[in-house]
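Labels run A, B, C and D following the written order; every chain starts at residue 1.
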Amino acid sequence: MSRDININVDYLTRVEGHGNIVVNVKEGRLETCRLDIVEAPRFFEGLLRGRSIFEAQHITSRICGICACAHSLASIQASEDALSITPSEQTVKLRKLLLHFETLDSHLLHIYLLASPDLLGVKSFIPLIDTHNQVVRRALRLKKTCNDMCSILAGRHVHPITATIGGFTKLPGKKDLDAILNMLEGMRPDIEATVEFVSTMRFPEFERDTEYVALVSDDNEYPLLTGDLGSTDGVRKGKREYRDVTNEFVVPHSSAKHTRLSRESYAVGSLARLNLSYDKLHPEAKEIASALGLKPKCINPYMNTAAQLVESVHCLEDAISTVEDLKNMGIDYDEEIVVGLNEQSRIPVKAGSGVGAVEAPRGTLYHNYEIDERGIIQHANCIIPTNQNLNNIERDMEKLVPEILDKSDEEITLYLEMLVRAYDPCISCSTHIVNVKFVNR
Amino acid sequence: MKRPKPKVAFFDFASCEGCQLQVANTGETLLDVLDVIDVVEFREIMSEKWDRELDIAIIEGSITDHHAEERLKQIRERSRILIAFGSCAAIGGVNGMKNNFDPDEIGKYVYGSDYHFFPTEKTRAVHQVVKVDYSVTGCPVYIPEFVEVLKAVLQGIPYYVPDYAVCVECKLNENVCMYEKRVGCLGPVTRAGCNSWCINNRNMCYGCRGIVSNPNEKGAKDVLSRYNIPLDLVLKKIDMYNKCREIKNE
Amino acid sequence: MKDSQYVILKKENFNGFITGLSKLHKLVAPVSKGYNNYSFEEVSSGKEIAIKYIPTILPPKKFFMPQQETLLEYDISKDLHTEAVVEPEEMVLFGVHTCDIAGIQCLNMVFSEHPKDYNYLTRRQRIKIIGLECNEYCDEHAVCCLMNTYMPDGGYDLFFTDLGDYFIVHINTRAGEEIIEAINLFENAEKSHLEELEKLREKKRTVFKKELPIELGSIPELFDRSFESKVWNDLDERCLACGNCTMVCPTCYCFDIKDEINLDLSTGKRYRVWDSCQLEPFARIAGGINFQKTRAGRQRHRYYRKFRYPVNKFSRFFCTGCGRCSRACMAGIRLKETLGALMESESREVNA
Amino acid sequence: MERVVLKESAYNIKKGKILSIKQMTENEKLFEIALEGGESLGHQPGQFVMVSLFGVGEAPISLSSSPVTGGSFELCIRAAGKVTNALHRLEAGAEVGIRGPFGKGFPVRALEGNDLLIIACGLGLAPLRSLIRYIFDNRGDFGKVHILFGCRSPGNILFIDELKDWNKRTDISFECTVDQVDCARPDWIRYVGLITTLIPRVQIEPERTFAVVVGPPVVYKYVIKELLSRNIPERQIFLSLERHMKCGLGKCGHCQIQGIYCCQDGPVFNYGEIKHLKEAF
């Protein structure tokens, strides 16, 4: 079949940030296939220079409002690494909790408000208010609960306030922990309903084998905040070697940087984590995974949405046991941090470099700072999950388009949009907008 | 009393989109809001698009390049009411920190020799480019304030961002003052309206809501020296959100 | 049951008293917030209470005139329908110092004066006050001796004085007596107990010294002569107009009235919220004229509202000497110093 | 928490229905309002009410009509901000909330039997019209009456039809001045210049003349100086002061001028009694 297709999705919607899909098929031959990022660059790494390391998490959380907690946590981790501070067990638990809340929030947002309209054949959740009112209410209720839990723990979800170098400025009281536990347990029925909802959805069948990258560990915990960097192709490196994993490189025919590891591209995110650490999922989550037909190594990128649901269950259950742990341990309020104490030089500052690697909802997020002996940032580098996925998305599109050439333009467009959305790309936070290609230059 | 629902669209410029997310985070209250307005475009969560006249345009983000300026002006032209939404839009916000650097230099730092593909200009707040009818400041926006502004818009009455210090709300909330902890807090010079969000969480105020109209700058400096807080540290902190203050409106 | 005006409560029964009382009523008492800061909060056991405390961040006025309180509810969906309301709460305040009791007495006068404020009065009716004696000074900011509020002088239902192993409790009202009766842990005060109380008071009279060399009675005249004093200009340079000094003052009662409508745009409420004369927009009118443009003028106004104007209107000072404004001011504007500076600048003028 | 309905609360409003609205100038409209059930407001000239729009707020507005009118009252309102602009958008038949009347009005009893020099600047005419109408209604109770009115330009003249009548009346003297001429000047306006330039032109017997002045804050200083130079005793000068007001009950503190509350102790003051108040002017 030879036909011309010209798809230009100007302003891809229901993703965080601005991206355009450009596909050009001439006489059945794929000429152009790319995802342009048109988000206005914000130069965060540039403007971090000269700022105190104690402001870094506050500033970098503003890279992205959707995964602000993950950015804060990656930033804090990098800063603590540079300052050689080891967080307490309590702090680690609370941070894990915060990340769980955000992952839940972000995944649920994606499943319900961003991905499900495609699967239900509407443009957005707005028409669903009439047709699927209970579903929309459930989605908003779940989201609100995640948000409220973040508020208790970190002041708010968007740009958390309490999480800081050394720990938390405000530790949850006994009543707060009870309230969180209550909310978590209260989410269970809605999550069950979500599982039911998702299992009625049919994800497009499309497969492309690729390399998956995520944090990995040797212990029994599903690694989200700690661990080494690992891949399904058998790579394993310490987090300080993150540059060897991300391998930002220049493509000869384009001025843009791509990332790759063992092959032409790699993917991060829920599916990657699941493919690498499936066994460490909470049993409940594993059950859901097998019910959804998800098992490693799953190479259908559309299934990322299902993987998010599985992780949601994991996060919920793990959060519940973490809160129970914290309640049993009892919170040590002496650990409360007075922020700004650096103004009084209470945390010893030294020159150094530190890396933070955190599993953000969308994949591995790296922050890396170099500071001088006054704690002033000299260099900063942040590598965002979406940046790492862009290359892989384009490769997927290249394989997908020829397979669906028999479909109408509208359908092709939808398939492509859905593909991009399945990665839940967070373009707004792409500090390195390295993926713009200028094919027709 | 049923009146036609105003057509509302959200637009984002240079920002983290967290303020839009704040709206989605309101839970079922969102449905109450959607009951009184007709959201016709909201790219973050909707595919619908709208290129006709608008009753209310809600602008998130700062203006950092020529394209953005043009796009914003077009939106202004077809919108009856324009709301600057969030600190990036209302006062320039964190993007203003870029103005500490030469645009070419910072471009080179981040993108290397390809920096010219990403032309950038001095960051400006929305009101520094077009007329703004309402401002919801804050990083992120404080949803109760947003709802208040929205109601003011629907009623056709003005909303004034409070012109007094965050300290007022901080005291109403009976927080221990950061100065008691010998920490420099920007509350005394920052506009209230956030219900002293950060200090309620035992952090300091970072000044994200903009500076009051008549700050006592000399007095504030004296206070810092009273508490032995390095002045440059705090001045820098003011820049974190308020750098665009330096740009004079044409 | 108890015929004498005084009873005692042994320290070992204190916890039982608090727990018992908290089961009967909402009970509010000073608790520590760290950094030598305290606040009145709901308690249910004795160990939560900071018996030795310096004035709380906010004075107990927050219970009589809450930071934000509804005045009127309305519904304009069909006809205009309004209802003036108050949402009072029964409660007992435990551990109120004499300066704060004086503050409540000031507010009582303001809100009972014509036109009466029924929101305040209705709340007032439902609150019982248990005072607690200060055996010594809180800190250097207090001027309670000068303002003559360091000894109990009515305005409470019960009054506790810590005398080591026990509290001696003065029963001042029928409501107070009911509390004593309901919680069966009090014993009759013996003569020796009363003697000990008298001894403490004697000692207090020697410890508490007028904090400034001026007679209370001459303060109004001092202010009459100080309207144009340079002292206010000095405050102008230092004050940040943050409003803290007025928010924390037990006798400041200025408020703003705001309307809040619900999203249905037809039901809502009108409420009042604490306001402060120190804030830039306080006296600004439409058209932009500001009748209190300068921080100097606003600071002067604050001091005159404590030491001069109410003396005419209510025949009492509206400073209770609690020292909160001085503690809350990050600019270090101290009431004692301001008064001292006024006295000094005046004596300089007289001598010149 | 208990919820108690307060029948006696001073924050209760009376329902008022707008009977008619008349555009007077670009920014000012005259509202005629009747209380529910025909209740009389029972005000004195110079008093004010708090006008409420629910969801918007309250604003203090002087009564413009003579108390003698009874069944309804009139408010002349300038669109200046939130509440007043919203009021301007209303149409006849709309309901508003009314609290009051509040404050001390003009000392009508003390004025009786004396000559009057009434000086109104701009919106100051709104409260003074109430007094003037009262005087017309009881003309025999007063001696000579001089009315001076000044405003920015002919386009800002309030109650223009009535002013034309006043100009024709023989039982009073009336002069009008404008600061500047921006459009056709009606022939009955004889002067261009500040209000103070009119004062030397009136013939008065100072000891039996009471001056009543209402205008924006800036004019008082100059007008009073002029009046004193005409030998009118301080205690025979009355003026009405504007302040930020929230409660109208002498509590909220916004309108305080040193020791006094403008809303309860004023807004009409005797100059002799408040001249020592530095914050008053």
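One rule holds for everything that comes next: a residue touches a chain if its C-beta (ideal position, glycine included) is under 8 Å from a C-beta of that chain, and two chains touch if they have at least 3 such contacts.
The model shown is predicted, which means the values in this text are computed figures rather than measured ones.
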item: C-D or A-B, whichever has more C-beta pairs in contact; value: A-B
item: Most distant chain from subunit B, judged by the mean position of its C-alpha atoms; value: D
item: Interchain centroid distance [CA atoms averaged], subunit A/subunit C, Å; value: 51
item: Length of the line joining the C-alpha centres of subunit A and subunit D, rounded to whole Å; value: 65
item: Whole-Å gap between the CA centroids of subunit C and subunit D; value: 39
item: Centroid distance [mean C-alpha coordinates] between subunit B and subunit A, Å; value: 25
item: Interface hub residues of subunit D, defined as touching at least two other chains; value: 55-56, 81
item: Residues of subunit B whose C-beta touches two or more other chains; value: 151, 155, 181
item: Numbers and ranges of subunit C residues touching at least 2 other chains; value: 260-261, 265
item: Touch list for subunit B against partner subunit C, complex; value: 1, 32-33, 35-36, 147-148, 151, 154-155, 163-165, 167-168, 171-172, 174-177, 179-181, 187-189, 212-216, 218-220, 222-223, 226-227
item: Contacting residues of subunit B [partner subunit D, same complex]; value: 151, 155-158
item: Touch list for subunit C against partner subunit B, complex; value: 33-37, 39, 57-58, 62, 67-68, 77, 237-244, 247-248, 260-261, 263-266, 273-274, 276, 279-281, 295, 328, 330-332
item: Footprint of subunit B on subunit D - complex, ascending; value: 55-56, 81-82, 85-86, 89
item: Complex contacts: residues of subunit B adjacent to subunit A; value: 12-22, 24-28, 30-31, 34, 39, 42-49, 61, 64-65, 67-68, 93-95, 97-98, 100-101, 105-107, 109-111, 114, 117-118, 120, 139-140, 178, 181-185, 197-198, 200-204, 206, 228-230, 233, 236-237, 240
